[in-house]
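Next, two complexes with chain A in common: one pairs it with chain B, the other with chain C.
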Partner chain A sequence: MSLIPGRIATFFGGRRWRSLAPLAVLIVLCVLIAIANPNFIELRNLVRLANSAAVPLTLAMGLTFIILMGSIDLAVEGTLSVAAMVLVLLAANDGNGNDYGWWAVLAAVAAGTAMGFVSGLVQTMLRIPSFMGTLGMWFIGLGLSVYMLGGTAIKLNDASIRDLALHRFLGLPVAVWVAFGAFLFATVIQYHTKLGRHILAIGGDEDVAKLSGVNVVRVRITAFALAGFFFGIAGVLAAAQLGQSHAVIGDGRLFAAVTAVVVGGTALTGGEGGVVNTLIGVLIVTVLANGMILLGISPYIQQTVQGLMIIAAVALSLDRVRLRIVK
Partner chain B sequence: MNEPFSIKRVFEGKWTQGAIPLVLLVGLLLIIEIAAPGFLTGETVALLFANTAVLFILATGVTFAILLGGIDLSIQAVASLASVILAQLLPSLGLAAFPVAILSGLAFGVLSGVVHVKLRVPSFVATLATGGVVTGLALWVSNGRAITIEEAGRENTAWINATVIGIPVVVLISAVIGIAAFLALRYTRFGRQAIAVGAGEPAAWAAGINVDRTKIIAFAASGMLAAIAGVVLAARLSSGSPVLANQLLLPAIAAVIVGGTAITGGLGGVARTAVGALIISIVRIGMTFVGVNIFLENMVFGAVLIAAVAITIDRSKIAVIK
Partner chain C sequence: MLQASNIIKNFPGVHALRDVSIEVRPNEVVGLIGENGAGKSTLMRVLAGGYRPDGGSLTLDGEQLRMRNARDAARHGIGMVFQEQSLVLNLTVAENIYLGAEDRFTRFGLVNWRAMNTAARRQLAKIGIDIDVTARTSELTFAARQMVELAKALTLEEVVERQLLILLDEPTSVLNAADIEVLFARVRSLKSRASFVFVSHRLDEVLNISDRVYTMKDGAVVAEHRAAEVTAPELHEIMVGRGLQAEYYREARQLAPRDTVMVEAKGLGANGFYHGVDLSIRAGEIVGIAGVVGSGREEVTRTVGGFVQHDAGEMKIAGDAVRFGSPEPAVRKGIGYVPRERRLEGLVMFLSIAENISLADLSSVMRHGAIDYGKERRLAADWIKRLRIKAPGPDAACRKLSGGNQQKVVLARWMTAGSRILVLDHPTRGLDVGAKEEVYELVRDLSAQGVAILLISDTLEETIGLSHQVLVMRDGEITARFDASPGNKPNQVDLLRAMV
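Entry: the complex of A and B
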């Protein structure tokens, strides 16, 4: 079958070219934006760029592991808002008298991990495809956090947690370093642990992985919990950056994260790509968003551009061509 | 097996699966009637139907996508865009704003279908992406704000909020759509082919069915019905907004699944969706009645969705659950 994406992919020279394509796109994008508006490469703007990449990067790290298994986690926004809600309600805030300091951060990350753990259980124990199970978890998380916040925005008053966003270390906000730490952590897991190998194996071919002795159920649950862990950290960062938590703290984050993972070159079919690809994907998405603002393009159109990017990136990945049934 | 009675097997039987939602609906109605006698009068039932109309229209559209074994995650975005277009164009175009808004939904439905089929992108990602595209456009067109339909425009939307011999027009609209969709699925070539594709795509393909065309038509129908739902919603609320229908994605999908259409495709239909939509609507009213916090609704529907999928899914059809 000579399908359109197949032909385009062949035209671009196949696998080798494709693995470098995201990096090339990133460089071209940077050069074009810098030419159009030299303010882009000012130090101030680069810091701003790094800052706005922090939350998407942390989210996308978690999501990468799920997509590497060939699954999807739509509960990104729900988990993030639950973590942000837990953080804000347990740390010093203007809604209740709690002031547990950094225990609140721990609790928030634990809450994110727990959400992911439940997603994993739903998928493996109830045997429901992940896009359905996590769709449910998305709204369970959202409902829970809005309920606990009473439908209003609650301010985060803990100065030391706020410092995640406000304090700078070597010129960059601490949140950026945390996100970078999350990236390093994800790299170690993917390339240097059994879990990372098993996730790749499951994504490549689940039956083969099972026959080779991989405990598929355990790996899947662990991966979803791990993703929840990253979403939890992202929730903490987001709440620290905004200085509050509210009903729409997660809006648009799922979309940006999926775009970043897919544009970076991780295949939706699983087993191909990884966290380094995702780093580049996150940079592409952030640079594009930043560039559009510098060029005076309405920020509202961003989601439209991201949507088109998802379609283009998925369509151009060679692996789809092998599949006859696409549901 | 010597098991005399197995709950699991009862749940897995096709016949019981078809009957459970209906029994559930009747049970819910009885509970409400006992709790609040006099609920089942013509007036409140008309109100119930009117409040279910938008949800039902959305759910009918997504039924087509789910019957094929796919999913449409862009319906809330398409509905919101249609509401924005309607609110924006009513002052200048008058009644002609309706077809424009509805055709926009058709266009984005076709886009979803083409991306899914021709570019071979799984439907949940394809529709997630087109949903983003559409949301971006709606935000852009409306400048991120809600647009109130002013007095002049309201003249043209008044007919939607009217009643004909005691029946609200929205109920009539959703009834017409429901019957048309029911007939289309049962008696047209497209409908039969859609069910065949959902039941077994390789077999449908081998039997000479144009799978691609069937899928594109289904997604087009889903988009168009989403736009109609958006238009009706805008007329009822006298406002169009880029986030107008955001809260309806989950209830709409839940309505389809709770009604007994399996996400694995090939099993289900519009009549089941009607039952499902009524169940969701009654559960929502019931929650308000019992005093469940309105913010918890999403939690309940999320849990209901997971439970309903777990019961209705046909696991023999998926080799590997991803």
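Entry: the complex of A and C
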């Protein structure tokens, strides 16, 4: 059985030149920034870069599956904050007397998965478009975590969980390795399992998938739960990195995740792209953010640039001929 | 082998199947023919588990069948090759062939793609087709995709321990002659392993491939023949049946057209679709175009409607030379297009009758730059009365109306917009007999008011019955012109001769 290598080869073998464009953009970006400020390629900066990519990468893995399906999951920030809240409140913290150690991590990831599962149920059982359903879940999650945290920041005191961010293995923080593990896991799911293939088929043509005997409802629910699972892990990583959880821990994460997926070349209409594309997308977004800081660009301009980037990415990648009507 | 007895299927306002019984024997190809709306596709969907019948029973080898979906049908060895191709274009050939059946290649949750590709290759080899199984389906030709679909249906024999029944729903409509021959050769060689039900519009094809032929009409089977014992014209006669009924088409109300020429085309051509088309429609005149699928008649009507741009010759609307790139300028020129797919192109189903009627010319209900809802509703109420639209009121949503009434709303919209030219693209498709008659009545009304009408229709009978003049197209050219004034209607055989 040929695992990842075969697929990566087909991907980079370029079914179309477009699939290579994001990689080219990444390389050009790195070269330009390195020329403008050589500090960019210093080891210290590269580690910082990897560190700041960890949470977005994990989030974007989950989101990729949803977007591949032609749906959207806006509950990224809500789910992340719930997971972070569960983690901090169950592990040793300065708000209550709990100290469940790594069980808290497990519970946090489970909470994220459960949120995604509910999103999936809302979409398939209540037949509510994912845009609205997950918009609701976003605020349910946000409200829940603000309420549980009592509106303040609560510190995470469990040293072994904090080590996710503080301890280094082969020079990189453990969180980076976890995110990389999430990427490998997502790759296996997308390219080597039935679920991954069925997600792609639903994004390509849901009616046909249904006629071929694909259980569309089950695939959709599973995909949302899977996305929630990744968001849960991201929540753990985010809380470990910050050493605390507070109401706005998720701020800006949705935008970054959607941008990464889209910039990587996954079509919002579904059916095209995948987690390998998203890895490159995350790197582009992170490198650009890092580069702009190194070049001393005002944070407000940085936001504007990111906004421009997402529109440009869609404009360049979308097969607009295929899209009969734009909504 | 398969026995369908007294199958009944109703849709809101339409009896799609009334008491249909057919049987399929082992190693047999059964042809199914009928006009559009005769119920062929509905019957196929019932056999494939897509629709649940409202009455009657299905038995397979004597065993009662209850199928809820395509999956159940597959379990019983029934596969379908769809008219609208049913492959996911962003997947590879192998992935499509085994879509929904990956379990066989899955171990520890991982799919073994290499094994799947090998199996797919073997499956394609069985039907003697050489296609790269790792190619993306979107890169294949239509003919190749059709073969992939056939291969996909045949994978059922790997999991089902009985003879397969493969339903072919108009598989030839997108194929050229050579590809059709290839497909037929496959079907013949597969007869030892499977039975087929074959649906097509082309009678000679059906006779060529089938052992027995069922003819459907208005939701019922009206005849059964051994293919060897019947000819295409005989079948056509039965299929069309009714004969010419002057009454039905309100021939007495067919008035002589006026003198003003509303549409005039000279040497009109659109690359690859049609060429050298001369056409003239006067006010109050109905011009019908007859022709088979691919004859170019659809494109000619779509050119007048503004959907297809012509690139040769010239077209004049009410004396002005035009070349439409989109429907919008055509609408401004007073052309109304009544599409065949009412649900997709004709009406905004979620809007009310009033909103749909005013859509093409909102200015007619505007006052001081704002929409006057009272005026809009009064206008709609007026049309509801004039056209006898059966609806609770102007606020009723169009999706709740029956097909015939929806068609009337489309016509009301164009009348409101002041259309002097109407393009009727299969105006009675999917309507039952009563609703058709109402549409005919309406068409006569419009014609009497001096509206110029270009008509294409599913049946020759309707084309002849309604038109003042019938043009026949074949392979992108006009091959014959018939005068069709009352009492001087051409007969169908003459038209058919020019069509094929």
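Here is the rule we go by: the second predicted complex is superposed on the first by the 310 of 327 C-alpha atoms of A that agree within 3 Å, B and C clash if a C-alpha of one lies under 4 Å from a C-alpha of the other, contacts with A are read in each partner's own complex, and residues count from 1 in each chain.
FYI, a contact is a pair of C-beta atoms (placed from the backbone, for glycine too) under 8 Å apart; a residue touches a chain by one contact, two chains touch by 3 or more.
Computed from a predicted structure; not experimentally measured.
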Contacts of A:Leu200 with chain B and chain C, given as first, second, both or neither: second
Partner with the higher number of touched chain A residues, chain C or chain B: B
First (chain B), second (chain C), both or neither touched by A:Val208: second
Touching partner for A:Asn39 - first (chain B), second (chain C), both, neither: neither
Partner chain in contact with A:Thr152 - chain B first, chain C second, else both or neither: neither
Common ground on chain A, meaning residues reached by chain C in one complex and by chain B in the other: 207
Chain B - residues contacting chain A, complex: 68-71, 115-126, 128-137, 139-140, 143-144, 201-202, 250, 253, 263, 265, 293, 295-303, 305-306, 309-310, 313, 315, 318-322
Residue numbers on chain A that touch chain B, as the complex places them: 3-5, 69-72, 122-124, 126-133, 135-140, 142-144, 146-147, 150-151, 206-207, 255, 258, 262, 268, 270, 298, 300-308, 310-311, 314-315, 320-321, 323-327
Residue ranges of chain A touching chain C (in the complex, touch as defined): 1-2, 6, 15, 188, 192-194, 197-198, 200-201, 203-205, 207-214, 271-272
Complex contacts: residues of chain C adjacent to chain A: 50, 69-71, 74, 82, 86-91, 95-96, 99-103, 106, 109-114, 136, 152
